[in-house]
Amino acid sequence: MVESIRQIANRISQLKIQGARNVAIAAIEALVKLSEETKAENKQEFLDDLFRAQTMLLSSRETEPLMRNAIKWIISQVEKSDGETINVLSKIVESSASQFLKNLEDSKMKIAAIGSKRIKNNSVVLTHCHSSTVIKLLTTANREGKNFEVFCTETRPLFQGRITAKELIKDGIKTTLIVDSAVRSIIKEIDLVIVGSDAITSEGNVINKIGTSTIALIAREARKPFYVVSELLKFDPATICGNYEKIEERDPSEVWKDAPKNLLFRNPAFDITRREFIHGVICEEGIIPPHSIFEVVNRKYEWIFK
Amino acid sequence: MVESIRQIANRISQLKIQGARNVAIAAIEALVKLSEETKAENKQEFLDDLFRAQTMLLSSRETEPLMRNAIKWIISQVEKSDGETINVLSKIVESSASQFLKNLEDSKMKIAAIGSKRIKNNSVVLTHCHSSTVIKLLTTANREGKNFEVFCTETRPLFQGRITAKELIKDGIKTTLIVDSAVRSIIKEIDLVIVGSDAITSEGNVINKIGTSTIALIAREARKPFYVVSELLKFDPATICGNYEKIEERDPSEVWKDAPKNLLFRNPAFDITRREFIHGVICEEGIIPPHSIFEVVNRKYEWIFK
Amino acid sequence: MVESIRQIANRISQLKIQGARNVAIAAIEALVKLSEETKAENKQEFLDDLFRAQTMLLSSRETEPLMRNAIKWIISQVEKSDGETINVLSKIVESSASQFLKNLEDSKMKIAAIGSKRIKNNSVVLTHCHSSTVIKLLTTANREGKNFEVFCTETRPLFQGRITAKELIKDGIKTTLIVDSAVRSIIKEIDLVIVGSDAITSEGNVINKIGTSTIALIAREARKPFYVVSELLKFDPATICGNYEKIEERDPSEVWKDAPKNLLFRNPAFDITRREFIHGVICEEGIIPPHSIFEVVNRKYEWIFK
Amino acid sequence: MVESIRQIANRISQLKIQGARNVAIAAIEALVKLSEETKAENKQEFLDDLFRAQTMLLSSRETEPLMRNAIKWIISQVEKSDGETINVLSKIVESSASQFLKNLEDSKMKIAAIGSKRIKNNSVVLTHCHSSTVIKLLTTANREGKNFEVFCTETRPLFQGRITAKELIKDGIKTTLIVDSAVRSIIKEIDLVIVGSDAITSEGNVINKIGTSTIALIAREARKPFYVVSELLKFDPATICGNYEKIEERDPSEVWKDAPKNLLFRNPAFDITRREFIHGVICEEGIIPPHSIFEVVNRKYEWIFK
Amino acid sequence: MVESIRQIANRISQLKIQGARNVAIAAIEALVKLSEETKAENKQEFLDDLFRAQTMLLSSRETEPLMRNAIKWIISQVEKSDGETINVLSKIVESSASQFLKNLEDSKMKIAAIGSKRIKNNSVVLTHCHSSTVIKLLTTANREGKNFEVFCTETRPLFQGRITAKELIKDGIKTTLIVDSAVRSIIKEIDLVIVGSDAITSEGNVINKIGTSTIALIAREARKPFYVVSELLKFDPATICGNYEKIEERDPSEVWKDAPKNLLFRNPAFDITRREFIHGVICEEGIIPPHSIFEVVNRKYEWIFK
Amino acid sequence: MVESIRQIANRISQLKIQGARNVAIAAIEALVKLSEETKAENKQEFLDDLFRAQTMLLSSRETEPLMRNAIKWIISQVEKSDGETINVLSKIVESSASQFLKNLEDSKMKIAAIGSKRIKNNSVVLTHCHSSTVIKLLTTANREGKNFEVFCTETRPLFQGRITAKELIKDGIKTTLIVDSAVRSIIKEIDLVIVGSDAITSEGNVINKIGTSTIALIAREARKPFYVVSELLKFDPATICGNYEKIEERDPSEVWKDAPKNLLFRNPAFDITRREFIHGVICEEGIIPPHSIFEVVNRKYEWIFK
């Protein structure tokens, strides 16, 4: 039944499911469920169901390359399989889904292991917004017994920085919260900046929460290393073809609930940090210059470009 | 009675009176009131009262050069007068106070007249925080029939940008509000940035609301003119002598009221924008490079250095 | 008959045939003609004819990597074929020639399709000199119904910008012409710069018409995206081996016909734009950072390095 | 008779008189002639004639601060004189006119003497457009026996660089001409750049022939000293009051005579070079940072601000 | 006998053997000797001997990627061989050792051949410290009859620049010595900078003698090309995994022998030059952007990552 | 007797007297001695003696503006006095000499008082070479009980940094010595840089020991404040007139005593730090932007320009 897909798509478009990783997981699970409940009677009908689901899920959010890549990979596994019975095909969806999720989890663990080495005793780290991979990296460093501290921004308008602060404190990491516009005032006390990513492009740029590109600019001016943590599967193949990464514009009420009537708003959810501001991308392949992302993805996940 | 002075000083230190201009006006009025109610019996006693008031007012706030310069000027007028009777001296306080206030008001009008010429039809202006001189400049341009629009930041943590937005809308100016960290995303649509100032230093730097120096950095990177609007009487003579401009650190509750217990905060109220980021300072003498502020103040208000 | 080759080589060296693409096409056609008319009696003699033609054509112009790569590829196809009869070998020349030309045409169409996506409604594009691929890109965007406008420089000394202007106007695109030195005055009205390329190097640099590197510098200072449009076959493999890209110095009379006798001239035809000034290279593989050109060419056209 | 004034004003507005210095001289001479032929019967009528002439001359050209300052100074001398008879007043016009011209000539000689010291044996100088003060400086260095060479741009659209080239060759100076867009290609061979100026502003910026600001950008990027040669009387007092320096837009036919009908043009005659690109201003007071121009003019020509 | 390994390891750790290349050669020779004298009785024992030697040699110096890669490669050849007898395995060590050394020598010759093309008649080259590959490059250019000159720094604290100077003079190359801090004073006379490298990282950065990164900064500011000469086998695979390149801190007596007792010292032997300062890396694959080093090594020496 | 002058001049030219301040003091004392021993019989003869001494002293060293200004001032006091007898004139020399020296000493104390305020608890200061005013500033901060530390370079070729290190250690200040080329490696630990000055120019540039401009570049890149400490009397009025500040080239043996015969040397003693690298000049008038030096000197020491 495609109904379950529609529900997931709705929850994604209404922001009830958020974060590149969570959105991808929800879509994958919906695909698995669909393949279990499908009424298709042959491979073609089964694939048609998957394609319909793909269309529906993809239209739920303007830019979610991780979800897009996940769905593309699962469908490609079905397409190229020799299996013909629905049962077998459904198994392929399931197994390729869990393989994708495992790969994703492995990437996160590798990134945390690699990135935590950049943190030394007495390091002062700055982060922005909330990224589960960055949290993993920091708590890994904490587990390793490193004695460091973290500054995090509050991240207006939705205050995701407070979530980050709570999680770090819970892990026992010394944490200081600042307003977004205080970054330049404290940057000289910072040793390195680490942020997450929502999407990466063929030009080597990174899309992340609004404010990221400003921190990158401030960090560069102060000569502080600015690292982006990103699974390579967040690469958006559409950018190769010249498509602009879409930047979602969210509701003004996020910014000011009872604003005066004639006041206009601009509330972009993300911004773009260009490659020349990025010291290194910490991905499952290691720490690499953003300039080589396209080639690394080509080498490692060639199917993305099919 | 020095009691009235103490009350004013308290209200200033508790932020019940805010803004360089308002603080200076309150202090001036307190001095006038003191001189009217004084029980001094001779010039020396009269002066001693003024000095005590000066000490009290100056300790109310770390850095308020406009107030400091106002008090210094009024006292200097008393000191150098030939008058000996309390009545005459009190008159001198009153007249020099109103002269200072008039000069301040004149400066504001001149600045608005000069600065409004920088706004052309279809200009898009960005401002930060709330400055009555900037508002005056913008409404002057509006009066002159120019058709322009303004972007203003919300200005965390105290949302003074909302006050700016309300006042501009009330004047019929097309206004768009953004979160502080969205400035870099909209900067390419901006034609010029205009901000106020709390203090100016001998090196040609400007102290203003936290976030100002970040906007200056963003504006410079995007090659957008960044103008500071400032009465020259905000010059802080202590900076000549090597004193650092003090940056007030305010209460964490401004940032997050019910924060977790172990979370640390940094909440600086102001930051410093260095001269190389400033296109021009719009002051009562005209539009000048910040590099020449010290010499211009020397030429125009030599008494500040006495 | 090698005579026909000599004629083509002469026409190229006398600038009667111009533009990387036209020069390559002329050379390819000359090879085809040669192979049709050859008097060679065996494979070795046939190859010797081709090598002589290669030497002649390569000496006609200092730097024409596209032509060099075309000739190298056609000859390599002959070399590695099993064919022994002149007839068969001649067919191979013909077929590999048309394959090369088709590939070149395909690349141009792909580039136009990719690049036209970077143009949005109301975009203002700046271009320099005359590039058939850039024209294709712009007219493609025009076909797609996008409402945009173009600024083009006149491109001294030979005024190729006028050709660009004429072609764009003919296609109904709103076009404004400026002198070369007015670029910095109008750059703030520009949304993106798109230029062609004569050659690309292993360091990721681009050789193009004199003036290109100045526009790149101006664009970077004003934070405007600067895109280079280039078929990857313009990669010059000699640059890997440390050879400098040669910059042709043309006749002074191009600059000033009746100049005073003692006046000296410098009239370089091209300049070099370094990779850090280039936002992205739009090639048949997509939009890529110039830093990865060497690896992309390695992956896609490995034979170039043989 | 004001008719002679009208004629001069027309010739200025039709570009028959060109160059800040020539325009100022023509206006001064017109004033002298007017005062000789006036039919005024008293001081007031005499002054009214002068004011009418001032209005007429000022409207002939958007921005000519040297002419404006010249007229202002001559009229101010009449105003503050005790003389009442037309004869006496007319003499004052004459004497103050020749005093102004003498001062202007002296400034030019001083600037040439100062600036020529910056040229050493084997220096390679780059200049742009045509400036009689720059020519004076270079020929002075030549007289002093220095062995140097000059690159000059052709300066599109009106090729004033050819005039410069001719004058330098005539003086026996080794001279090389390049197209405007070749500056970045030859900049590494240059030791210093010297250009003239049409106007200087209170912010320390310089208005000069289109293309100047591009050369300044190129010079800064290559770390080459960029000097502006300017009489301080080219300071435009209106810029203090916030007025933008007006940039004249000239006729498209200067760029392309028989252009296609629908082609648009932008043909700004001047551009603005900001202070941070200027190594030093060579003026009659010495070599100074452009940042202090306002204060130097204040010290030396206080009457300009009256 | 592992004793010989220990001796070599000691000589390396006591700096009796210096320079990435010499250290690698010594370690390789020690492995060969070990395999000749081994008392191992089967493949496993043989390998255990090699692993022990590896551990010992690797602990002799914090960072010597060339040595590490050499040992890894030799051992990997043994591991993957079918051979079982000690005699055969010992031969494999010997042959792979000489293969590695030959490859290293070939790389050096290729680099010299490629790099020498960057030197033209009248070029002025700056180098720092002493690198045998840079010397080879310069003497190759000299053999080719190019007429150029070299500036070299003295390279405190150990004055290796004097060794460079002596070798260049011996080859008949015009050479000028300067103190390290005079580089910025003479940079405008320099045409290009060429330095060696001790290690290269996955981010595209280069580790070389202290002072290198300062010269890179100076060169960039003056827009002078800065080339690094490096065999790709100096790539340090540990940097991919997030490890920081270790910077050795040497004895203070190198800086000042009879220093006052309480004086502290910092004497880092190397520094890091980031990729954005490097014009190109001249390696055995050609001249490449440092940004693509990771991918080039992946393509050419995939075994490094195993 | 002019012989004593000649001796002093010789000692200065042979570097037996070094440092702007010491040289000026020696010259002043020589003038006083001359005026005491003069055989002049009238004012003119007395002045002629002084002029001869001036010529002799000025030729002892290429650039010593402090000495030049000192001599100029003393002579000008004699010239403008009404005194006619040798006795009276000699007294004027003596009194103006001691007045000059007192002013110089006062300036130093003021600079130390102002500059020491820039040093806070836990500050880490970097200095270069040896400057008695910088030492005074640092020991003043130490007297004030501030707990800070200093890094100083060794300052090749003459190791003046060792003198600085010894004096600081003697005062009990924690001090670390580094080689000159290690500055970029430790700059991130530095809070501010403070250096002395040998001369300041009308463009706002500073001449100081070789290596200073490199540290300024490094500091700016790392956004660290770079302060220059300088008495305003080090202003060189000749720079106004276009003269280049002369940079002394010293003996190669300072760099390498037993160098190979054919090795060339460049050994400039000073370099120039341009105004845009200087955060502030700490002088007797306060902390000022270098851009306003010319105007400040004009206001305070107008006689320098006579």
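Note that the chains are named A, B, C, D, E and F in the order they appear, and that numbering of residues resets to 1 at the start of each chain.
Convention: a residue touches a chain if its C-beta (ideal position, glycine included) is under 8 Å from a C-beta of that chain, and two chains touch if they have at least 3 such contacts.
These numbers were taken from a predicted model, which means no experiment stands behind them.
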Remark   = Ordered by label, the neighbours common to chain D and chain E are C, F
Message = I want to confirm something about chain A and chain E. Since they are copies of the same sequence, is their interface symmetric in residue numbering (over half shared, so same) or not (under half, so different)?
response = different
Key: Listed chain pair D-E, B-C or A-E that repeats interface A-C [over half of contact pairs the same by residue number]   = A-E
Key: Euclidean distance of C-alpha centroids - chain E vs chain F, Å   = 43
Remark   = The distance between the C-alpha centres of chain C and chain E, rounded to whole Å, is 39
Note = dist(centroid_CA(chain B), centroid_CA(chain E)) in Å evaluates to 58
Message = For chain B, give me the residues that contact two or more of the other chains.
response = 221, 276, 289, 291-292, 295
Ask   = In graph terms, with chains as vertices and touches as edges, which category applies: line, ring, star, complete, or other?
value = other
Pairs of chains, among all present, that meet the touch criterion = A-B, A-C, A-E, A-F, B-C, B-D, B-F, C-D, C-E, D-E, D-F, E-F
Complex contact set, residues of chain D against chain E = 188, 221-223
Remark   = In the complex, chain F touches chain B at residues 113-118, 120, 276, 279-280, 282, 285-289, 291-292, 295-296, 299
Ask   = chain F touches which residues of chain E in the complex?
value = 151, 153-157, 162, 165-166, 169, 174-186, 210-211, 213-214, 217-218, 221, 247, 255-256, 259-260, 262-268, 271
Key: Residue ranges of chain A touching chain C (in the complex, touch as defined)   = 202-204, 239-244, 275-276, 289, 291-292, 294-295, 298
